[in-house]
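Across the two complexes that follow, chain A remains constant while its partner is chain B and subsequently chain C.
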Partner chain A sequence: MNPYLLIVLLTSLGLGTALTLSSTHWLLAWLGLEVGTLAILPLMAQRHHPRATEAATKYFIVQATAAATLLFAAFNNAWLQGHSDIQHMSHPLFTSMITLALLLKLGLAPMHTWMPQVIQGVSLNTGLIVSTWQKIAPFILLLQIKQIHPPLLTIIGLASILIGGWGGLNQTQLRKILAYSSIAHLGWILLILQHSTALATYALLIYIFMTSATFITLKKCKATTINMLTTTWTKAPTITLVAPLMLLSLGGLPPLSGFAPKWFILQELTQLNFIPHASIAAMAALLSLSYYLRLSYSITLSLSPNNLPECLQWRVNYPISTPLSSALPAALALTLFLLPLTPSALTLII
Partner chain B sequence: MTPIQMTFSTNFLLGLMGLTFHRTHLLSALLRLESMMLSLFLATSLWALQLSTINIATVPMLVLAFSACSASSGLRLLVATARTHGSDHMQNLNLLQC
Partner chain C sequence: MLKILIPTLLLIPTSWLAKAKWLWPTTLLHSFIITLFSLAWLKNTTETNWSTLNPYMATDPLSSPLLTLTCCLLPLMILASQNHLAQDPLVRQRIYITLLVTLQLSLIMAFAATELTMFYVMFETSLIPTLILITRWGNQMERLNAGTYFLFYTLASSLPLLITLLAFQNKTGTLSLLIIQLLGPIPISPYVNIIWWTTSLLAFLVKMPLYGVHLWLPKAHVEAPIAGSMILAAVLLKLGGYGMMRLMLILSPLAKELCYPFIILALWGVLMTSSICLGQTDLKSLIAYSSVSHMGLVAAAILIQTPWGLTGALILMIAHGLTSSALFCLANTNYERTHTRTMILTRGSQMILPLMATWWLITCLANLALPPLPNLMGELIIISALLGWSWWTIIFTGAGALITATYSLYMYLMTQRGPVPNHMISMNPSHSREHLLLTLHLLPLLLLVFKPTTIWGSAY
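What follows is the complex of A and B.
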């Protein structure tokens, strides 16, 4: 893509999120969300492939509907209430409508069906942006709304964890697997959203690091299906060592950093006496873990039984360093080694 | 709820229903999206008159400008879909199913 165009689009993406994060009025929040949506559409459709066009169309319709519903509920609430502050909404119906619109924007169950399709249709870099950056602005808005019906977020969070686990079990396309894993992680964040904003922010941050590391690794291996992952050890042996650890961090196993958000979320839920929610969430995390293990099996645990010097890829692969792959060491370090620093991280966020 | 609020709410909800239950054409989905934004434009235009606040009088223009931007974006996606898929039938958008 033309570098000037790329700079304009990426700046608009950042501008959109910054507008939403800094707004107290619903109109400015909606403006920021719309700018973000409009800026990412050319990035999604730049390949002129039928799948990319279809993904961009579906993404646009979903996001535009959610944004219009958000604005409608915000204006109705302001009409009835007198002011249109984000943090002081009081009408139950329109607060729930705004919450549902934001959850549609995020791709949580039961409004999740567009996520796997959209992330599958676009390239890995754009999928990374959709999975990580585009989630920040709706989450910040969700954090600020006072929930009138607390069970709504809890039920949707649990449903997202379950659907994220079950949906990814039958997939071979890596981008769809990452989409379902994204749904599951956002479900975990949603569970704790109303009880502790610090933990929700921390979980979102760790999720962004882990997902970025995974997408950049897949981009480096140029792998989009599970079968293509099996040749990783010829392309980048170091990634073959580290990728299982990264996937297990996504699954939430100690002593990797993915364990920290799950641990603290379960601790907070049990302290507040939500034992069934905590149990269901912990059990449903096993479903996601099974497909992460499947991926790490294809990368590392199944090598062909020949001598190492014999097994070279027959296609010569010159090492490509895209601008994004220079971020891989940082993302990997944050994905693997952040657990001992959790107390200081939480102090920074609280 | 005042009659005016009922009017534009019904307008919006009818458009949302049409968008949800779209059947054949992508263009009709985009049209519903436009009708939703139109009802929001009406709402903000009448707001300044009904509730006697004048400091939100520019809001209708902002809403209109951004809805025009997203409408043009939707139309160019429609053209791209027609180029790659042949028509704008929604059943043709099935390349990415799980």
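What follows is the complex of A and C.
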């Protein structure tokens, strides 16, 4: 893509999120969300492939619907309440409507069906942006709304964790697997959103590190299906070494950083006596772990062409050096080694 | 504690920086030195039972034999793996040793933890290196399935444990083992305490394994490479027993009637798995089911919560650790020469490798709990404790002891006696390394005959 255009689009993307983050009025928040949506659309459609076009269209329609609902509910609330402050919303119906709109933007169950299709249709870099950067603005808005009906968030959170787990089980396309992983992780964040904003932020941060590391790794290996992961051991042995650890970190196994958000979310939930919720969430995390384990089997734990129950890829791609690969060591270090630093990390966020 | 942890941690740079020729001797030597230092833990000097105390870790007579066993096992694993890794590229050998050391670190920290949270995190941490050992260095295609079973059985039972520990911390404010042994009964409603009890112990019962949830063990033990089998049989199963013994302290008022079904299941498991052993064709599978059988006895003994039960459980855990690990090493010596685990294809080894037959004999006799070995001590104390709990258990334990003797002798006779098969044209003679390996397993076992109080635990 033309570098000038790329800079304009990426800057607009940053601008959109920054607008939303710094706003106290719903109109400006909506504006920031729309700028972000519009900025990413050319990035999504830049490959002139029908699937990319379809993904961009679906993304636009979904985000526009959500933003329109958001604006509608915000104005109704302003009409009834007299002011349009994000932090002082009080009408229950419109608060729920805004919450649902934001959850549609985030791609949480049961409004998640667009996520796998969109992330599958775009390239890995754009998928990274959709999975990580585009979650920040709606998340910040959700944090600021104070009076959300608690069962709404709990049910949607648990449903997302379950659907994120079950949906990814039958996938062979890596981007779809990462989309379902994103749904599951955001479900965890949603469970704790009302009770502890610091933990929700921490969980989102760790999720962003882990997902970035995974997307960058996949981009380096130029792998988009599970079959394509099987030959990484010949091309990039170092990646082969750390990839299972990265995937198990996504799955939430100690001593990797991915365990920290799950642990603290479970702790917070048990302290508030939401033990059934905590149990269901914990057990549903095992579903996601099964497909992360399958991926790590393909990458590292079985050397193709030996002992592999799947087919092998025919043409071999060599690992490429992308602009993002300089971020890979940082992302990987944060994905793997952050658990012992958790107390200091939490004090930084609270 | 740091004088063991830091040298163990630094074994990782050692394995990466040592020259190719010196990799195995260096790591072996240093792990032996670490073992030597860890023997100091066996002396219990304080009245309160907790020694080598620092804010996060301590040893007491319950954990120190298990700690020493863990530290003892690292050099033995390195010794055992040397042969089959000789064909791997150098980097993979280094990675293997790094995995073993990481596993060692997590196990030391698990057994020495004073906070139950740290115990839990280290319990789960030990899963990752074991998973990688089984699925990456196992020899057959079934190893992937074995790794999945291993990981998911353990995790599905230990996630409820995490929630229970967090709820416990919420109720009592602390999870430190030093403090909870002094707490009184916890106020919980009568229906919740059933769930509480079950979720606390389920993780450890699956790890032990209890008979109904034991399916991961034959898969994992059989498919793992020798170091994986050794550490699984010797130490990882004992994590379950150790965890149960620790958590029983907090759960005691709740557990009076709840443990009955599990005790019955454990005892029935002893009989069932011993019977399965009689019909096995795969040697490693036989040893794996034998492990389940012995651990069933340990589980039953821990669940009855008497002082003799806990003592017998600990003695049997240590003795079984050494014996089972020795059996896996012997099976591995067979496997390395014939590349098969089927017993009828590897008969008559006494003719070919007579000194190895001696080790086979001693180890099989230890497995069937021959006096005066600590295996018998443990089993006898457990059987007496169970008899004191209920007269009917003697049926299970007596029949179990009988069938154990039967399959141990069957294992010995199948592999050592009988005609040498016609297809075995040449077998390498026994290496001194293998003799050393087995001596180092059996010598502690024999020495423990003279001073069993070291592995007696804190009940006496």
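Keep this in mind: the second predicted complex is superposed on the first by the 333 of 350 C-alpha atoms of A that agree within 3 Å, B and C clash if a C-alpha of one lies under 4 Å from a C-alpha of the other, contacts with A are read in each partner's own complex, and residues count from 1 in each chain.
The criterion applied here is as follows: contacts are C-beta pairs under 8 Å (C-beta built on N, C-alpha and C of every residue); 3 or more make two chains touch, one makes a residue touch a chain.
All of these numbers come straight from a predicted model, not from anything done at the bench.
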Task = Could you say whether A:Thr57 touches chain B, chain C, both of them, or neither, answering first, second, both or neither?
result = first
Open item on the list: For A:Leu71, using the defined touch cut-off, is the partner it touches chain B, chain C, both, or neither? Pick first, second, both or neither.
Closed with: first
(message) With both complexes overlaid on chain A, does A:Pro151 touch chain B (first), chain C (second), both or neither?
(response) neither
Q) Who does A:Gln117 touch here: chain B (first), chain C (second), both, or neither? A) first
| request: Pick one for A:Met283: touches chain B only (first), chain C only (second), both, or neither. | output: second
For A:Ile275, select first, second, both or neither according to whether it touches chain B, chain C, the two together, or no partner.
second
Would you check which partner chain A:Pro3 touches, where first means chain B only, second means chain C only, and both and neither mean what they say? neither
Note to self: Once chain A of both complexes is superposed, is A:Pro323 in touch with chain B (first), chain C (second), both, or neither?
What the structure shows: neither
Partner touching more residues of chain A, chain B vs chain C, is chain B
Margin query: Tell me the contact category for A:Lys176 with respect to chain B and chain C: first, second, both or neither.
Written below: first
In their shared complex, chain A is touched by residues of chain B numbered 1, 5, 9, 12, 16, 19, 26, 29-30, 33, 36-37, 39-40, 43-44, 47, 51, 59, 62-63, 66, 69-70, 73-74, 77-78, 80-81, 83-85, 93, 95-98
Chain A contacts chain B in the complex at 27, 31, 34, 37-38, 41, 45, 48-51, 53-58, 60-61, 64-65, 67-69, 71-72, 75-76, 79-80, 116-118, 120-121, 167, 170-171, 176
Given the complex, residues on chain A that touch chain C span 237, 241, 244-245, 248, 253-255, 259, 263, 266-267, 270-271, 275, 278-279, 282-283, 285-286, 289-290, 293, 297, 300-302, 307, 309, 339
Within their complex, chain C touches chain A through residues 91, 95, 106, 121-122, 124-125, 127-128, 132, 135-136, 140-141, 143-144, 147-148, 151-152, 155-156, 159-160, 162-163, 166-167, 169-170
